[in-house]
Structures are given as C-alpha cells and as structure tokens.
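Listed next: structures, encoded as structure tokens.
Heads up, the next two complexes both have chain A, just with different partners, chain B and then chain C.
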Partner chain A sequence: MSNKLLEVKNLKKTFGGLKAVDVEHLSFNKNELTSVIGPNGAGKTTFFDLVSGFQQGDTGEIYFKNKKITKTQPYKISRLGLIRTFQLTKVFDRMTVLENLMFSGSSIKNDSFFQSILNTSSSKKYESDLEERAFEIMQDLNIEKMSESYARELSGGQKKLLELGRSLMKNPDLLLLDEPLAGVNPKLAEDLLEKIKNLSDQGITILMVEHNIEAVMKISERVVVLAEGKVIAEGTPQTVRSNDKVIEAYLGTAHE
Partner chain B sequence: MNISAKWITTLVLTFSSLALVFVLNPDGQLRILANLLTFAGIYALAAVGLNVHFGLTGLLNFGHASFMGVGAYVTLLLIPHAAGREGEINENGLPFLLALLIGIIAASLFGLLLGLPAMRLRGDYLAIVTIAAAEIFRLLVRDLESITGGVYGIINFSSALQKYRPVFFDEAVISLDLAPAQIWVGLLSWISVFLVLLLLKRLSSSPWGRALRAVREDEDAVRALGKNAVWLKLQSFMLGAGIAGVSGVFLAFNYGFVETTIFIPLLTFYVWAIMILGGVGSLTGPIFGSIIFWAIISETDKIASLIFENADGQQLAGVRFMLVGLLIMLLMIFRPSGLLGKKEELLLNVK
Partner chain C sequence: MIDQLGNGLLLGIIISVASVALSLLYSVTRIVNFAHGEIIALGAIMTLFFSNPVDSRVIYLDRFSPLGLDFVISAFLAVILCGVFGGLLELILFRPLRKAEVGNIAILVVTIGLSIFIRHLYLIFATGRVQNFPLELERRVTYLFFDMTPRNFRVLIAGIIVMVLIGLLLTFTRIGKAMRAVRDSGELASISGINSDNIILITWISSSMLAGLAGIFQGVINDIRYNMGFLILLLVFAGTVLGGIGTSFGAMVGGLLIGIFVQVSVAFPFMEGHIEAKNAVALGLMIVILLFRPQGIFGQKERIS
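And now, the complex of A and B:
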C-alpha cells in the first residue's frame, strides 16, 4: 500500500518492569489527521519518542515513507520530513522569534561554517527568502508583532504557536504534535485547532497526542487509543467514543 | 541599563583600573603598564576563544589551558628551539607563520579528539572530561621529556618571532625606555584579538552562529529540526580551541620559555574569570575584562601592602586571590551578565 506514510510493527519498549509501549501494528495514511489518546502513562509520548528517534525501542520496526527508520538518529529522521514538537515546549529562549523560525528553515548548506564566512550574495538572497517565509508563517499564526522579542518573553500559548511555526518552516510531510493545546487558553486553543485542521487540509499528515477530548473528537479523522502501551481501539471518533474498552479505560463511567 | 550606560561603566572601570598603575607606582609606571597590557592581550584572546565555547554554544569547557598548551608546544617545536636539559639548539625549523598555522590546526584537532567522545555527554560531564583531559595533556608533556623538554621546557625560540621586528619599531619603543621584545609580542597579540573579533563578528551573526546559539538553547529541539547538534558542537569546539592555540603561542613568547607549569588549571580559571567579567556572549567583553583583570592582578600587591603593613610576599599573593574572588562575587551580585553582556542573554543560572 503506497498510501502508508508511517508504519509501526511489533514496537516494544519497557522501562524496568513497566511496558511503556507494546504496539503490534499501526499505520498512518497520507493526509490523515490522527489523534492518539489515552490515560496518563499510556505511552503516548514514549511512542512519539520512538517514532522520532529520541528513544530506541527494545524490539520492532518503524517505517517512514517505506524506509526503515528504526535506530536512526533523530536529525536524520527529521531530514526525511518527519517533524515533531514537544510536550514541554522547547523554543530557543534567548533567540528572537524570527531567529527561531529562520534557524529552523535554514538548509544544512546555508548553516555551514565556510558558507557563513563567505557570506556570498546567493546566501544573502537565501536568508532574505527565509525571512520572508518566516514572516508569512508568523502572520498566519498571529505572532508577527513578536518577531523581535526573545522567545522566553512569550506566553505559554505563544510558545506553542512558535513551536508549530518552527515545524512548518521545515515543510514537513508528517507532523507529530505532542499536546499542542496543553496550557493554552480556550480561545487560543480554538484558533490553534483551526490552524491544525487547515494544515491537514493543505495536505500535511498530522499525528497528535492530546488530552482535550472534545477537541480531538472535533477535528480528528481517526483516533487511536492507547492504554498501558497497547492499542485498545482505533477508528473514527464516533466508533471510538462508543467503544466499551475506551470508556472504561479513559473516558470513565461518568462520561455520557 | 541601556547600552550607552553599560559602555560608560565599562570604560570608566577600565581606565580607572589602569589609572591605579600610575597612582600606586612611584616609578616604572610605563613598564608595568606595558607588561600588564601584554598579558591582557594574550588572555583576552584566550577568553574570546572560550566565549565561542560557552557564550555562543553553551559548552562547559574547563580545559582551556590544554588548547593553549597544544598550540604553544606544537608551534614552538616546529620553529628553531632548544628543548630539554641539554638545551641543544635545533636550528632547523619552519618559518613562524607556517608553524603557527600548524599549531592552530593541532589545537583544533585536539579539540576534535576531545570532543568526539565528550560531545555526546551533557553539560556537566563535558566539564569533567575537559578538566581531566587538560591535566592528562599537561602530565604527558611533562613526562615525554625527549620530545617536549619535560620539566626543563623549551627555550631559545624567541628569535623566530622577534627577527621580524622592524627597526623603527625598536627605536620608538627604546625611546620610551621599554623592552621591544615584549611590546612586540603584546602588539601582535592585540592585533590577533582584533582580527579574530572581526571574524567572529561575521560568524556570530551568520546562519552558522545562529545554529550554535540554537544548540546552546536546546539540543533536542535542534535535533528535532534536522540539524546535527553534535557536529555543530564539534565545530564550535574546534574554532575556540584554535583561537586558544594562538593565545598559547603568544603566552610562550611573552615568557620567552615554555614549560608544563604554565598550563595548569589556574590558567583556565583566569580565562573564565576574564570572560565572566567582560560578559558571557559579548564579543568585545573579553578585551575590557582582561585589562581590568590584569590591572587588578598587578596592583593588588600594592593595595594589600597599604592595608597590611607587615605582610610578606607570600601573604600578599594570598590577598591578591582574595581580592579577585571578592571582585567576582561582587560582579555576580550586581552585574551577573558581566560588563558588556546582555541581560536578556544571561547564561549563568543567577537571577
């Protein structure tokens, strides 16, 4: 099936006696917006870490664009077009918002030592194109007023936006969003959700971990439910919502 | 504090610390001034190199002395010199500039060698590895007597640099009753400081410098964005080490000899003090930090002898370190970002 962008087989990761991730098979199709939900400690973030190369699984294989990326360095996975964000936002605090974005978009060649010393007219052109692109993204995310502020001066929600923008500078094929709405006020959360939906419509495949169930159900095309590292349900929001196991493990009996 | 106020404070402190030389010394003031400015230039260069590591990239390097040492030893062994107890002069050698270039490359490669295993470690561990590696280097140099001259060191190499001294320079310096050899080393080291700063000014505002700052801020995010953080750190380590290598060469020429006790950890900590004083991450900070630091080092004896009337030389030397320590404490309390550092880019973990 050529429609598969990411495929995970037999992926296991244990911490001591604890099975953090134990996924037999999961695949994610192009252009799909999938949410991974589950109670705290279900292995969602560990799953992201494994896929993005930040942690190594004990067993199993991961394929991205039909290429095996198991035991591959995170930066190499990222260069293939799989970009992730972090649960605890990781912005470059003592760099400006603009610098955060431009660093992200800059190519390896543009970053190189000798290219930087030479500072040719073509690299100046590259930089100004980069700046233009960064401003487009800032405008889209409503943070262009902050372009010269240090990232540490932003509010929690703005940092989330910056991190999203920084990922977009890479023109990702697959975007892994780790709790994009955590700590964001309801109004901004709605905007962010709208943005994520738009990105999905633009053709970026999105995989996100999120606790805000209402948000998840609203925009996801598919939902995967993890509990104790295992996939206990997957499918459209409607089927998952009515699944008994899910209600028991996650939504709780109080949920109507 | 705005930029101009910051600069005024810095300049006032710099000139008043230099004025101490004239106030506290009845005679030979110019000689003392020349001596301290020469050391200041050499140490400023070392601090600029350290600033690439810590200020720009956030690498905790506590083995700076070894980079200076590698640069010095490799360069000196390649030019005409006399090494060891016998002290036989080896007349065959490379021209100074070529030897210096190889010395810089050697220091950079030593940085690479050290960095390859160490860069995979985080912050504090790098500090431990570098401090240990610097001591290993120093002890190796001490024990490999047949090559490095061991505890007897290397001498008789000065002419390789001093022979380029122009006649008019000598005449001008002698007319001021100063030693041309030292002024020459001092002048060249200050020229190097400015050349290196020009290069760094270009680099730190470039995409490369931006990438290093990103590494300083968050390595995981750098990796997640497809950049090779380890390689970036290695490049930074090599550049800073190369700059330290040049400073080590000038230090050796200023002493006129080189031996292993020069490159002790204390040297590293002096350079750290200068960098913190000038402002971590500030390009020009080390210049002023170094001048003020050396003015204090050279004048504390006299200040101390004014306070303690019957102290002997050893006791006065102790007071010197106390005063330097006090200075750094006061600085950390009142200006934790150093003289010229940006408050927003404060790197040390103080509020």
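And now, the complex of A and C:
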C-alpha cells in the first residue's frame, strides 16, 4: 500500500496562449505538510482549482486515495474528503457562524427531510453532536463569542478563522489552503500558523499555497516551487532555499 | 374600506405565493425571471384544460377534450406539469446558459423574450377569451369581518398552509439549508458536498410549481386569460421588492401587503370612478416605503427562509 494521498500526472492547463499549469508529476504523502510557493502567476491557484475540480485540465490525470478524480465535479471530490479553501475567503454570509459550521459538518445521510420534520431522537442526538463539535472548533479558534453573529459581520481575519473551522467540520483527509495568511495581521497570522501546524500534527494532510516565505519555511515539511506552471524545485525547506533556480525565479527577486 | 379587505387578502395571497416563488428562484439562481408570469398562467390554463367538461377551448388540444376531470385533481396535475415545465426550462435553457457563463443582464433579456414567446403561444392555443373554471357560483359569507365566498376562503387557507410549509421546508430541511447555502455561494456549497446544479434544478421545479399554484388561485378568484400572469407580474415584483429581495418570508408579507394596498385603495374617496388605476396607489406606496427602508421590510437583518 503506497503512502500517496494525492498524485498528479502530466497535468496541463492553458488559457489562450498562456501555460498556467504544466506539471509532469507530483505526489503528496499522507500526514505531510506541503507548501506550494512561486511568484505571482506561477499557476498555484489554478493547480488548486484543477485538483479540487473547479477547473478541468486540458490533459493529465489526478488521483486521490488511488481513485481517479480527473473530471469529477467539486461536490463529489469534497465528499471524498478533499476540502479546499479560497484565496478570497468565502463564507455563507447570511448564516450565523454556528450555522456555517453545522451546515458544513452535516452529512447527507443523517439529515433527511423526515427526520428534521419529525425531530426524532436520533436526529436530535445528531444535531447536538454536531453542535458540540462546532463549539469545540470555535473554542479552539477563539471565535465562540461570535457563534450567533452572521458571517458577513465578521472581519477579514475572523472569516479566515471561520473558513478554517468550516473545513475542519468536514473531517478532511486532505486540506488545500489557498493563502490562509493573506490579509491577516501578524499576530493572527502567527496563531493561524500554529493552528495549521497542530492540524498537521493531528494527522491531517495539508497542502498550502502561501506567499509568506518565512512562515512557509517555518512549518512546512516539504516545499514545491512552481514557476510559469512548471515544478522547478521540490524538497525540504532547506534544500529548496539553497536551490539556484529557486533563488533566480523567486527568492532572488524577492530579496533584492 | 373594510369591504375591500377581503378582496385585498385574496389578491394578496395570489401575489404572495407567486412572490415567494419568484424570490426563491432569484435568491438561489440570481435570475430575474420575467417569464414567471407565463408559468403562473400555465397553472390556470392547464387546470382549465383538464377540468372543463364542455370544451377546453385550448385549440389543437381540443381533440382530447372534454376531459372533465375533478377540479382538485386537475389542479394537482397542472401544478405537477408546471414543475416539469420549470425543470425543463432549467435543463434545456438556463443550465447551458449558466455553463456558458452568460451574464445576468443577458439572461434577464432571455427571460423577457421567453415571456413574450410563451404568452403568444397561449394566445394561439388558449385563445384571447376570458374563461372561467367549471365551478358553481357561490354566495359570499362573512368570515370575522370580511366577506368572501366559501371557495375563496378555502383558497386563502390553502395559500396560508402552503406558505407555512414552504417556510418550514426552507428552515429545517437539508434541501432548504442547501438552497440557502447555494444562495450565499455556489462554490462554497460545492466544497461542502452540495451538488449546486441539483439544488438549482429543484429550485426551478419548486418555484414553478408554486407559480402554477398562484395561477390556479388567480383563476378561481378572478378568471383565466392568456396574459393573466403578465398582468399580475408587476405586482409580484413589487411584493418581492417590498418584502426585501431574496427573502422568502419578506416576499410572503410583501405580496400580501401589495394585494391589500391595491384593493383597499379602491375605497379611497379620490379613487371613485378610477378603479382601473388601483395598481398605481399600491406601487406608489411601495416606492415610498422603499425610500424609507431601501432594503425592503424584511431585508438584511432578517434571517432568510
């Protein structure tokens, strides 16, 4: 049994003449915390979109838990346990924080029409378990005071926390975080980083796109560098940091 | 003025049911559906076709008539047909447009074109005559302090029951929650494991069934014409906007209020001899209310469902 959770082969995506993603082979192991870095326009978000089913690649195959998920719709990929977040944070605006979490956590099976109308004891038990889990997560993320606020009333940073919480409610096997630290104040960024590290320690496999290089180097076990859609380097933070190509394509310009 | 309250409630329940349908569709799909009126008319016309014992007066289909089915069964069949029709509209027309990423304004114009097209099909098939359901005439009875026929009273009660059911469905069921999720963000709903396409299809079907039901109500309370839906569409939009765009509960209340405004204004002294202008007062009032409460009566703070 291989340790690969996600594997990508020959994945290509072009927009007009622009090659957004052109990845020959990449695989991600269970329990690993991997960061994808690269200059703007390197194809990081497009790569996430392809993996999570929001866009279709021109060619190539994607395997998740050894199942082929190429050309699978996003909702089906989500049900398999691959959960993503978005660069521009999305929340269910007109639901409360608690509702956001409980909705994300509920599964189709346990939420039938008749049970919710009749309010059977099993559905009550299910609801209260869900609520308990939601409160645990809110406490962990320090947003339990806002449980009854509408999500649209939260600040940008709080929305980031809610988004993370919502992803956790789904008990993901693989979590794709698209710039989890973007637009967040330094203190909160540090907290978030620690939360992400903890999640990884708890056994959730994480794949993260992030521009904050210091943060990336601090917590990642493995770093993949993309430039113009291609993988130009991968390895531990130390090896990537000293890679000439990376310095040229990315860090070099960033450190000038 | 009190005399008109009963009429106002009856018109209100028609508009209310139709507004909830329109609002539901808008909030989930962002489509401003001008063809909504034609789905309303479809409900009434199909009920007439199924129930008329003499001659359905729906040409080309007249070889099937008289079907003379029981009125309630006819209405039930018509509502189902409206649902099928709405579902087909989504599958054949609006889903492909959505996948092609056609903009909202273009889609709005498509619904206007669709509305004109379907309305004139009705003119051909159902003729321009004003028709009535084959129901016996009834005498008005006083309920509390307003007068209406027992049949119309039953329509009012049925309308209220339907709306309570819709409210429960949206608030407490998985489907309702999923609709609210797709409304807030389709992408987010899909990463939560919701099949947005499916939810939108269900929304089209349920919205069209409700619209058809509103048409049947309109046919019972007033009469049936090929353009009956178009005539009431503006009031339906007004009800939706007055209640707060995209809130089902707002649409219920807004629709009822518009109906009451329209009918009660008939009793104003300055309206004597100008009854045909009754919509003006209601729509004027709507504008005034929106000036003071731009988000509509139940907009924003009010929780949807």
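The rule is simple: the second predicted complex is superposed on the first by the 246 of 256 C-alpha atoms of A that agree within 3 Å, B and C clash if a C-alpha of one lies under 4 Å from a C-alpha of the other, contacts with A are read in each partner's own complex, and residues count from 1 in each chain.
Keep this in mind: contacts are C-beta pairs under 8 Å (C-beta built on N, C-alpha and C of every residue); 3 or more make two chains touch, one makes a residue touch a chain.
All values derive from a computational prediction rather than experimental measurement.
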item: Partners on chain A (chain B, chain C) - clash or fit; value: clash
item: Chain B versus chain C as contact partner of A:Glu132, first or second or both or neither; value: neither
item: First, second, both or neither for A:Phe103, with chain B first and chain C second; value: both
item: First (chain B), second (chain C), both or neither touched by A:Met95; value: both
item: Partner chain in contact with A:Glu248 - chain B first, chain C second, else both or neither; value: neither
item: First (chain B), second (chain C), both or neither touched by A:Asp58; value: neither
item: Partner chain(s) touched by A:Ile83 [first = chain B, second = chain C, both, neither]; value: both
item: Residues of chain A touched, compared between chain B and chain C (which is higher); value: B
item: Shared chain A surface residues [contacts with chain B and with chain C]; value: 52, 54, 73-75, 78-79, 83-84, 86, 90-95, 103-104, 106, 108, 111-113, 116-117, 166, 170
item: Touching residues (chain side chain A, partner chain C) in the complex; value: 52, 54, 73-75, 78-79, 83-84, 86, 90-95, 103-104, 106-108, 111-113, 116-117, 166, 170
item: Touching residues on chain A, where the partner in the complex is chain B; value: 52, 54, 73-76, 78-79, 83-86, 90-95, 99-100, 102-104, 106, 108, 110-113, 115-117, 119, 123, 127, 150, 152, 166-167, 170
item: Complex interface listing, chain C residues touching chain A; value: 168, 172-175, 177, 180-181, 183-185, 187-196, 303-304
item: Chain B to chain A touching residues, read off their complex; value: 199, 202-203, 206-211, 213-214, 216-218, 220-229, 232, 235, 239, 344-345, 347
